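As structure tokens, here come the structures.
In what follows, chain A forms one complex with chain B and a second complex with chain C.
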Partner chain A sequence: MTIESREKRQPWILLSPALTAVTLLLIVPLLFIVVYSFWLRSAAGADTPGFYVDNWQKVLTDRFYRDILLNTLKIAAITTAVCAVMGYPAAYFIARSRGNKLILLVLLMLPFWISYIIRTMSWINILGISGALNSALLALGIISEPIQMLYNEVTVILGLVHFLLPFMVLNIYVSLEGIDTNLEDAANSLGATRWQSFIQVTLPLSLPGLAAGGLLCFVLGAGTYITPVILGGPRDAMFANLVFEAIIRQLNWPLGSALSLALLAVLGALVLIYNRYLGMAQLAKGLG
Partner chain B sequence: MDNTTRYERLRERLQNGDLDRRKFLGLIGAAGAAYGLQTPFAKYANAQTVSQVRFDGWGGIVSEAFRKYAFDPYTAKTGVTVVDGTFPGGDEYLAQVRASQPGEYNIAHLSGVFDYARYHSFDLTSALNLDNIPNMSLVMPALTNAFAAVTPDSLSAVPYDYGSTGLAYNRKYISDEEMKEKGAKILIDAAHKGKIGGWSDWRTRVWYGALQTDQDPNHITDIEAVWDAVRQHRDLALKYWASGAELMSLLAEEEIHVTEGWSGRIYALQEQGHDIGYYDPPKGFGWQECLFVIKGSPMEACEELLNFMLDPATSIAVAEGQNYPPALDPTKVDLGAKIPTLPAFDPTGTLSGLTFADPGYWNGNEADWSETFSRVQRGY
Partner chain C sequence: MGWALIRAYTVLVYLFMFLPVAVVVLLSFNASQFGSFPMTGFSFRWFETLWQNEAIVRAFKTSIALGLMTALVSTTLGVLAALALVRYSVPGREMITTLLIAPILVPEVVLAVALLLFLNALNINKSFGLLLMGHVIFTLPFVILVVQARLVSIRRDVEEAALSLGATPRQTFFAVTLPLLTPAVAAGALFAFTISFDDITGTLFWKPGGVETVPTQIFSMLRNSISPEINALGTVMIVMTVGLPLIGAGIARSLANRKGG
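On to the complex of A and B.
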């Protein structure tokens, strides 16, 4: 074997465990889901195998699914915007802090050490009728009766922001860290105010990080189903809740497969658009 | 030798220096790979000695009672370990079982004859040898007959307890008189808007919708009226709860003042000192639970566990722990002092006072109603 051919094979040998895992754990199950989406659910008992487009027809033409999908995208967009507004100053502060950067980063990562469900449920103890906030307001005499704050769309968004904010901060932080601070100094020396140098130098250079954080927050937010279950009211639901209900509650695996593929297609398209214009490299930096 | 012992011996060799770390990890990895490869074929090896049985139930106080009064004593007596898992609802569990390999799940604490019928329709029933379960003779015939109607040739489960999904209300805000006067319609009473709860289960919503529109839940003639009632409830409700723990938390924290609830969980709240009333409205939702043995399970070990669990001493202790009356016939077995005080208890042993879901009727409408409920819940 020549050195050249060995060098050619080497990357594939190194990649083979990962490729095998991706094939077996992602691509093959995904193919099963594609096949399932063309089956039919029987009234009771086993599903009917075959090639039926009924589920796809329902998913693509039924207003119910379209409305829930749009609502899901709306909630994900609001969550992403809130995360960006809240996350940018935090990331900027961490990136520009001198001695305590490590402590701040550890504090940022701390929530990941606690289960997402527990973190979401903690809002019940904060915002509930007998929760910390109502108790404090009552004790201070600001209110005479507890306020009903939980179980609506706002608390769903709040829960999602709580979950996703660290992803946004980390991505923006990585981007800010890569900016040469001499550029800001140069802008200042040329007469720009600190605000102007931020708006015209730092912000544009950190936009890839903001976009990467935005993409992560949007995709993760749009795919969640636990938060509406715990913090939402009877009507509150996101598209993933419909997938859960179709597969788990209604035992309608074929419809659930079509729904999950529809969500995958929408979010996948978003990732492709991002990749086309910004590339995945920034996202990898943030995740790393 | 079981896997745990094998692992412990290997670890001991590593710690003693008889085995280097690389070899240790290699052996563990090889064992994992071997297990992964053999799992699909494990069903062909059921004749081997059974060292453990998997049991899945409803969690919370129910699982605690099972563990304390049944599984631990059973393991002490037989040496067979009971691995207990939990599920928040029967639908979720059935989805898991459908996706599993035969033998992966063994015994389940299922609710309702409709569930028994569903498992049968998915070809998940087994055939119990009742000669190995002599304590079955102590069970109320009314409960056994319901299962025998679905599988006349053999049983796949033994009845274990029963209860009801009645109305639970906070007496600080709702009097017993108001509850009796309004019955199921209290859940669509605008006077309690924002303080009403409900289970996110389509069957319960439809059942109570039928009661709210004065229809027989087992013979609904105007389903549109039922959906309208479900919509009314949805618009007045603060929250659909999804588990017994959430039900108890919402009532105890006074987030909600009224909801339908599981009789045993409400009794548990009362025992904790909360002033929560419980009322079974006429034609309230009664249900019977069973210990269902899933196809592919080690039958003899399961039958032994079922017989142990139906033993009056075990059965009464579990019933007192989980607050649901046992399936034992009160005309044959002295059930002690506490059980007759539990909600839904029937001293006659006939259960004629409870209304159960007709399995054929409810399962026949499942596909349509479960999907419609999903839409109605979201504002449609």
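On to the complex of A and C.
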């Protein structure tokens, strides 16, 4: 074997285990549920293979599913917007601070290492009937009876923001860090106020980071199953809850397949649009 | 003035991120028998209860075994793939990278359903094996990204020097590349372990009845109400996933210093 052909083959040998894993454990299973979504559910549990459009008809025309899908997208959109508003100034502060940048960054990474379910349930300690807020308000005599602040749409969004904010801050920080500060100085020296140079120079240059953070918040938020169960009420089900309900509780796998694929199609379209205009590199930067 | 405002805003954002978690830790030392305010005293009693709770101890064992095996498999696959992507000019690298990070672009619920249904059709039922495959596939992209980022900083000339001095590629890999790679491998493995240890969404789909990991155990305990025991469990998890990596990094640093000095 010549050295050249060896050089050519080597990367493929190194890549093949990972590529095989992704193909067999993700790509083929996704294709499989496309097929499965056209099968018919049978009472016996063994579903009937074939080409039936019943599941898709149900998913696409039933108002119940459409309303929950729209509600899911609305919650994800609000969450993303709140993350952007809360995260941008913080990311700007970290990027421009001198002395304590390292500690701020370490703290920013910390939530990624703290269990998601712990962070989600921690709000019960704050907002629950016997939580910190109610105890404080009772002690101050502002209320005489504890009030139920949990289990509604607002607390679902709160939990999602708490979970997703670090993704947003990190992505904005990465893009702010890449901007040459001389550009802002140049704008200032040419007579722009600090605010003007921020709006006209820094903000536009940091938009890719904002977009990457926004995409992550939206996609992760819209795919959530746990947060609405822990912090939401019975009427706050999101789309992923429908999937769980169909697959695990009702064992209606054909319908569950169709529901999963509908969610994938909507969120996948967003990822594709993002990829078309901004490319995956920015996203990889923020994740690495 | 503007800067002071941004600073105050940032402090509030950080408080928002950490205050609720701090309250979990605080309440886990609460002596009162209800897991709530007001705190009546300082006590370790909830940690003792935890230790005696067989279901929780079992969940811990499952989570740790699953995390370790996930880290082993995922890091092996991830390091090899990252090496190929960083060290060689691979045709179609953009496509390959997208394919390899696809498991994090697909919502976890969808990945969970697809894997469950597909493997079930192959007669692989809900089991530890299914959990392991699931955890490997969605930790893999993170390992690849982390390892790739570290690999870029390893200079190629050191290996070329070894090769030109007569080492075989295999010798070069084990004597030169692998030791230089160790921090990247460790970072990837730690990342995989933590993600696996924390995972709940996929795990709920894949776990067989009766098997619980720590997060699913907490989830099932939350159905009733929040007990001081859950806060204690949360504290233990925080210590594990935050404390251990910090200690690990500290040891690595002191070892490196000793070697250097």
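One rule holds for everything that comes next: the second predicted complex is superposed on the first by the 273 of 288 C-alpha atoms of A that agree within 3 Å, B and C clash if a C-alpha of one lies under 4 Å from a C-alpha of the other, contacts with A are read in each partner's own complex, and residues count from 1 in each chain.
FYI, a contact is a pair of C-beta atoms (placed from the backbone, for glycine too) under 8 Å apart; a residue touches a chain by one contact, two chains touch by 3 or more.
Values in this document were obtained by computation on a predicted structure and should not be read as measured data.
Q: More residues of chain A in touch with chain C or with chain B?
A: Tallying touched residues of chain A, the top partner is C.
Q: Is A:Arg235 contacted by the first partner chain B, the second partner chain C, both or neither?
A: Touch partner of A:Arg235: chain B, not chain C.
Q: On the A-aligned overlay, A:Arg41 touches which partner chain: chain B = first, chain C = second, or both, or neither?
A: first
Q: Have a look at where A:Ser257 lands relative to chain B and chain C in the superposition and call it first, second, both or neither.
A: second
Q: Give one of first, second, both or neither to describe whether A:Tyr92 is in contact with chain B, with chain C, with both, or with none.
A: Touch status of A:Tyr92: second partner only.
Q: Mind working out whether A:Ala187 is in touch with chain B, chain C, both or neither, as first, second, both or neither?
A: neither
Q: Please indicate which partner A:Ile248 is in contact with in the superposed arrangement: first for chain B, second for chain C, both, or neither.
A: Both partners, chain B and chain C.
Q: Between chain B (first) and chain C (second), which does A:Gly128 come into contact with in this model arrangement: first, second, both, or neither?
A: Once the two structures are laid over each other on A, A:Gly128 reaches both partners.
Q: Enumerate the residues of chain A that count as touching chain B in its complex and touching chain C in the other.
A: Comparing the two interfaces on chain A, one with chain B and one with chain C, the shared residues are 124, 128, 130, 247-248.
Q: Across the complex, what residues on chain A touch chain B?
A: Result: residues 41, 43-46, 64, 68, 124, 128-130, 148, 150-151, 229, 233-235, 237, 242, 245-252 of chain A touch chain B.
Q: Going by the contact rule set out above, which residues of chain A touch chain C in the complex?
A: Per the touch definition, chain A meets chain C at residues 7, 10-12, 14-15, 17-19, 21-22, 25-30, 32-33, 36, 86-87, 89-90, 92-94, 104, 107, 110-111, 113-119, 121-126, 128, 130-132, 135, 139, 162, 165-166, 169, 194-195, 219, 222-223, 225-226, 230, 240, 243-244, 247-248, 253, 256-257, 260-261, 263-264, 267-268, 271, 275, 280, 284, 287-288.
Q: Using the touch definition up top, name the residues of chain C that touch chain A in the complex.
A: The contact residues of chain C facing chain A are 2, 6-7, 9-10, 13-14, 16-21, 23-24, 27, 34-38, 76-78, 80-81, 83-85, 87-88, 90, 94, 96-111, 113-119, 121, 133-134, 136-137, 140, 142, 144-146, 148-149, 194, 197-198, 200-201, 204-205, 214-215, 218-219, 222, 226, 230-231, 234, 237-238, 241-242, 245.
Q: Touching residues of chain B toward chain A in the complex: what are they?
A: 89, 91-92, 94-95, 98, 118, 121-123, 194, 198, 200, 202, 234, 237-240, 242, 249, 253-255, 363-364, 366-367, 370-371, 374-375, 377-380
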